[in-house]
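Look for chain A in each of the two complexes below; its partner is chain B in the first and chain C in the second.
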Partner chain A sequence: MSLLQAEDITIMDGKTTLLKPLSLRLDPGVPLVILGETGSGKSLMAQAIMGTLPATLTAKGRVAIGKQILNAGAPDQFRGLWGRQIGVLPQEPWLSLDPLMRARNQVAETHTLVRGLHRQQADRQARDDLAALGLAGAENKYPHTLSGGMAQRVAIAAARAGGARIVIADEPTKGLDAPRRDDVAKLLMNEMGDSGGLLVITHDLALAQRLGSQMIVLRRGEVVEQGDTHQIFASPRATYTQEFLEADPERWSPKEPRSPTAPAVVTAHDLTVARANKTLFSGVSFSIAQGHVFGVTGPSGCGKSSLGDALLGLITPRAGQVLRRAGEAPHSFQKLYQDPVSAFPRKRSLGQTLDDTVAFSGCAHGKIDALLEQLDLDPALLKRRPDAVSGGELQRLSLLRVLLRTPSFICADEPTSRLDPITQKRVIALLTQTTQDDGVALMLISHDTALIRNTADTVLALDAQSHENATPDVPRQSVAIPTL
Partner chain B sequence: MNVIASRFVQAVMVAVLIGTATFIMMRSLPGDAAWRIAAGRYGYDHIDAAAADAVRNELGLDGPALPALLQWLGDLMRLDFGNSLVTGQPVINEITHQLGASVSLACVAILLSLLMGPPLGILAGLKPNGWLDRGLLLVSTGLKAIPQFLMALVLIVVIAVQLRWLPAAGHGEAKHFILPSLTLALGLAAVNARIARDAMARIAEMPFWRFAHWKGLSTRQTLLRHGLRNVAVPLTTYLGLQFVTLVEGVIIVESIFGWPGIGHALVHAIFSRDVPMVQGTALVLGLGFVAVNTAIDLTVRRIDPRVAS
Partner chain C sequence: MNHMNALDLRSTSWRITPIIGAALVFVVALFALLGSVIVPGDAFEQSLLKALSGPEPLAPLGYDHLGRSVYHRLVDALWLSPIIAVAAVITAAGAGLVLGTLAAAMGGWIERLLVIVADALLALPGLLLVLIVLAMVPGTALGFWAGLSLVLWVEFFRLTRATSREVIASPAVQASRLLGFGPVYLFRVHIWPEIAPMMLTAAAFGTATAIMAIAALGFVHVGMRAPTPELGLMMVELLPYWREAPLALLSPVIATFTLLLGLTLLAGSRIS
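Then we have the complex of A and B:
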């Protein structure tokens, strides 16, 4: 008997159909992956099954969980299933744990409040749960002292403590490097075991491949292909699936090597960089020429971003020198950030923000239009706010903003790690092409070794110094001064 | 430990600065200090030039300023605040007596404000832009905009004079607490309701709030287990800042309600040019500010482990 059966789930935004009738079933021990690019409706499907769709959307269809049959159009009915039948592995495990509560108590409270265990019993159970996930000794830690992987394990223990047999994970590997991605795949498989159900929503091809079993490929709210994962990977039938699989950086055509003939824009001499008194790397020397792509790769916490910051002059290296080409203006070194949403003012339209940059840099206004065309962007986007455009468009707009300052060096720090493969391929191609055409020296930082290998003219691989101890950027709580 | 050491240094600097500043201000006030002190001692109807001269000679008010200041700072090191120029009693006795009255009023006021502000703020923050939220914004902005002396007078006129429910002034019984503490509490609650509201609205948007629901907790359980704990951090921090408002308010409110506290004493000491009293009182208020903030720091560290690391 299946754990969960969803029949003809349809999601509408007013009269627009966001998801055409989709049926799926979850069987014990058989993971199901819904693969799709941003905007394919894959997250909406998960939200419909959990009853967390935004109130502005309407859903139709039936969801059978165990013996209960629920109406997808009535999200309130699903509330009682949370924690008891359905456990959710959150996207941001750090932010999903209460920053002020010890790990053990966050698991134990599910045991007491949801399962009704006594305090001591719940406490013992929570210790056992965490120990089973390899977290013995970390029970009393607060979330900010946990690594990302540990936080994820605490979160899954807390999510399932109420007895949930079905786990739903929406993009569980967003922004993670390969070893951590494999850890997540292993964790999910272990949690499912033989009797649990697992539904994973992702655009991560490697994750889908590791989980195996069943897969649904979605595009614009429609099922493109459905079936056995390995079979789809081996011989995709739909052209869209082929295109999607081709977008995997592993399968990109390698770049023809070019030797630098142009003069170097920036040179690093015997660079040693430390953060918080910990040396990240030492004795690194290289130079980046005009129009060249310098790739930096390595696991999380190895100092990739710090190297970029040192070149940009944002941090002072502990030893060594960064030499800029003579006559460079201070603003000619620019950075492209990982998360474009937080790199734009939230409450202004994109056009206003770009106008500010134009006014500030004193270039002609026509440059925006020229760049919009070059980067294949619709001018109508400028009327919107940052949260109303897609991630790929926004990252191209950040590139546009950087180019407005006529840079000679751009440091792109994980510019596509939050984008789906198809969008990633497009953005990387535009980024490298544009910088090459304009004679900009590009430093491309990514944890994806295949992406760097197939894109860069020169590759620098940094080693891991401390994989597990890399501390996250946990947003600090600040005192909000009220509007009075 | 670091917190305590740095706060101690701060306390010493506050003491020297307040001591010097009040001294300079008192010296540069217009009017003849000897006359004012004599008036403070004997009453305005009973003084003449001879009495003023007697006071002048007795206290050495003609002397140069610098030795007097150094003398006072030196005494301070030995924790000797000197004697009141008016009553002749040691300043420390007067202050400890009045401080008790002020602290009890301030505590009641804070307690009252915490009973009113944060609960309403949290309820408003759970439904941003709901009717409660908008109503609360209106009321708290209005309350904050009313100066405390006006608030005190309105309360006296309405509740004491018109309705005759409570005494307009006085000290000694529980009922005397109500109007002065309510005057202070309304101003404080207006702000901490907003702090609680903003914190709650922000927390309700956080992934951990949603995740607690996904674990199977009800909204009530989530609020009690995770909401209050997280709202407490900014609220406690802000409480330290509110102490300034409170000191300011205490001076006005005590004068209006005739409350025999430190604020009341400060105003009288200024009128009668009682320099040691002014210095002593200002110093105690300044050090009180440091002490309150140290306590707040330590409390926040207890609640929020991220601050300590």
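Then we have the complex of A and C:
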């Protein structure tokens, strides 16, 4: 008997159909992956199954969970099942954890309140859960001191603790590096075992491949392809699926090697950077030439972002020097953020923000229009606020904004780690092309080694960091390896 | 089905509460503004023969123990307290906003010093602080304004500092700084839109607190002096005659309650 069976789930926003009738079944021990780009309706589908759709949307269809048959149009029936039957892994770990609670207590709370364990027992169990996820030593930390990957693992431990047989994971690997992603996949599989159900919503191809079994490919609220995961990966039938698979950074065509002939825009000498008295890396030296792409990669918490911030002058290195090319204008060093929504003024339309930048930097207003065309952006987007624009478009708008300042150096800190592969490929291509054409030195930071390998002229790989075993002040050797 | 109803109720009451609050404040304000136009009269004119007598056309709320029209005294009282309160809130909000933003932006010893001063003021009971200032400043109204401003700015300071700190640490501000925008732009575009709604809430609460403080001190005879018509003072003066002239006593009580309830509903509804 299947754990969960959904029939003809349809989601409407007024008269617009967001999801065309979709049926799926979840069997014990067989994970189901729903793959799709942003806006494909895959998260909405999961919300309809859980009864958590926003009130403005209406759902139709039947959901059978165990012996219960529920109506997707009456979401309040689902409430009693949360935590006990259906567990949810949240998308944004930082937002889902209580900022005032230590990691261990967050997990122990579910053990006591949902599973009904005794306090001490729950505490021990929570400790074991965290240790099993490689978080031994971090049990007493508060969420703000955890890295993104660590916070994610705490959230996973807390979601698992309720004992739900069906686990729904919405983008569980967003922003995680490859080893952590594999850990999450392993963890989800372990938790499912032979009797649990697992529904994973993702745009992460590697995760889909690792989980295997069944897959549904969604596009614009419609099923494009459905079937065995390995079969789809081996021989996709739909052109859209092919396109999606091709967008995996592993399959990108490698960049043609270029040797740096242009002058260096920024040079780092023997750089040592520390955060909170913990040395992240030391003795790093390199220079980035005009029009070149300098890739930085490494596992989460290794100090990639701090290296970028040191180059931008946002943090002071503990030792060493950052030298800018002589005669640089004060605002010619710019940054692109991992989460572009948080990098724009929240309550201002994008057009206003860009107009401000134009007025302030004194460039011609026509530059916005020219760049909009160059970056293939719809001018109508400018009327919206940052949170009403998709991630891919907003990242391109961020690029547009910094280009208004005619920068000579851009540090792009994980610019595409929240985007689906198709959008990622597009944004990275535009980013590298534009900076190359304009002679901007680009520092591209990503945990995705394949992405860096296939885009950068020079690669700097930072080592795994000491925060896992908590031994600070260990100097680490870092090497800059020119590709090919 | 049950909790669906509860949800519906909550969402409608969210919209209705500020309307009720605004309506109550509006009614009191209308009374204060137009009261002496509708029924002309003087708050200080005495006619001892009419002491504690009931309503009549020229004094719709009757007479107090000294034969003065309660209606006209109430109109005057409803001018006095709100004006002092609003003036104090404007001063306090301005000071709190400037100092709070300054503390968050500068950090270091400036922030520490301001926080220490604010915490020290917070440790003192507000009414006591107002009393001390009243004793030092000549003129009761001026003293109330100064004392209440001194008490109320702390709340605005803390709100502003807490919010600004978070905003200043955000990537959005970092990005704007890298683009070269100055402090005025950062405040106008990043900080103010986040603070503004909270400021309105705090202002409404602050006004209610100030009116209450003036009335409370009047009630214990250490605030406004007789014969000035003031809400608390009117209550305590009429308290001994509650049996003979219940309407005269109830009038300032109801007016104060309506005004405070209106302000609190107005403030409380904005939080959610």
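Operating definition for what follows: the second predicted complex is superposed on the first by the 398 of 484 C-alpha atoms of A that agree within 3 Å, B and C clash if a C-alpha of one lies under 4 Å from a C-alpha of the other, contacts with A are read in each partner's own complex, and residues count from 1 in each chain.
In this text, contacts are C-beta pairs under 8 Å (C-beta built on N, C-alpha and C of every residue); 3 or more make two chains touch, one makes a residue touch a chain.
Just so we're clear, the structure is a prediction, and the values are computed from it rather than from any experiment.
Engineer: Once chain A of both complexes is superposed, is A:312 in touch with chain B (first), chain C (second), both, or neither?
Structural biologist: The second partner, chain C, only.
Engineer: Is it chain B or chain C that touches the larger share of residues in chain A?
Structural biologist: Partner with more touched residues of chain A: B.
Engineer: Is A:145 contacted by the first partner chain B, the second partner chain C, both or neither?
Structural biologist: Only chain B; A:145 stays clear of chain C.
Engineer: Contacts for A:83 in the overlay, against chain B (first) and chain C (second): which applies, first, second, both or neither?
Structural biologist: In the superposed model, A:83 contacts chain B only, not chain C.
Engineer: A:367 in the overlay: touching chain B, chain C, both, or neither? Say first, second, both or neither.
Structural biologist: A:367: touches no partner chain.
Engineer: So, A:62: does it touch chain B (first), chain C (second), both, or neither?
Structural biologist: Touch partners of A:62: none, neither chain B nor chain C.
Engineer: Go through the superposed model and pick first if A:20 touches only chain B, second if only chain C, both, or neither.
Structural biologist: neither
Engineer: Using the touch definition from the top, say if A:344 reaches chain B (first), chain C (second), both or neither.
Structural biologist: Second partner only.
Engineer: Once the structures are superposed on A, label A:96 by its partner contacts, choosing first (chain B), second (chain C), both or neither.
Structural biologist: first
Engineer: Once bound in the complex, which stretches of chain C touch chain A?
Structural biologist: Its residues touching chain A are 1, 3-4, 170-172, 174-176, 178-181, 185, 189-190, 193-194.
Engineer: In the complex, go through chain A and note every residue touching chain C.
Structural biologist: Against chain C, chain A makes touches at 76, 312, 314, 330-331, 333-335, 337, 339, 342-348, 353, 356-357, 360-361, 398, 401-402, 405.
Engineer: Going by the contact rule at the top, pick out the chain B residues touching chain A in the complex.
Structural biologist: 140-141, 144, 190-191, 194-195, 197-199, 202, 206-208, 210-217, 221, 225-226, 229-230, 233-234, 237-238, 303-306, 309
Engineer: In the complex, go through chain A and note every residue touching chain B.
Structural biologist: My answer: residues 50, 79, 82-84, 87-88, 90-92, 95-101, 109-110, 113-114, 142, 144-145, 155, 158-159, 161-162, 164, 474, 476-480, 482-484.
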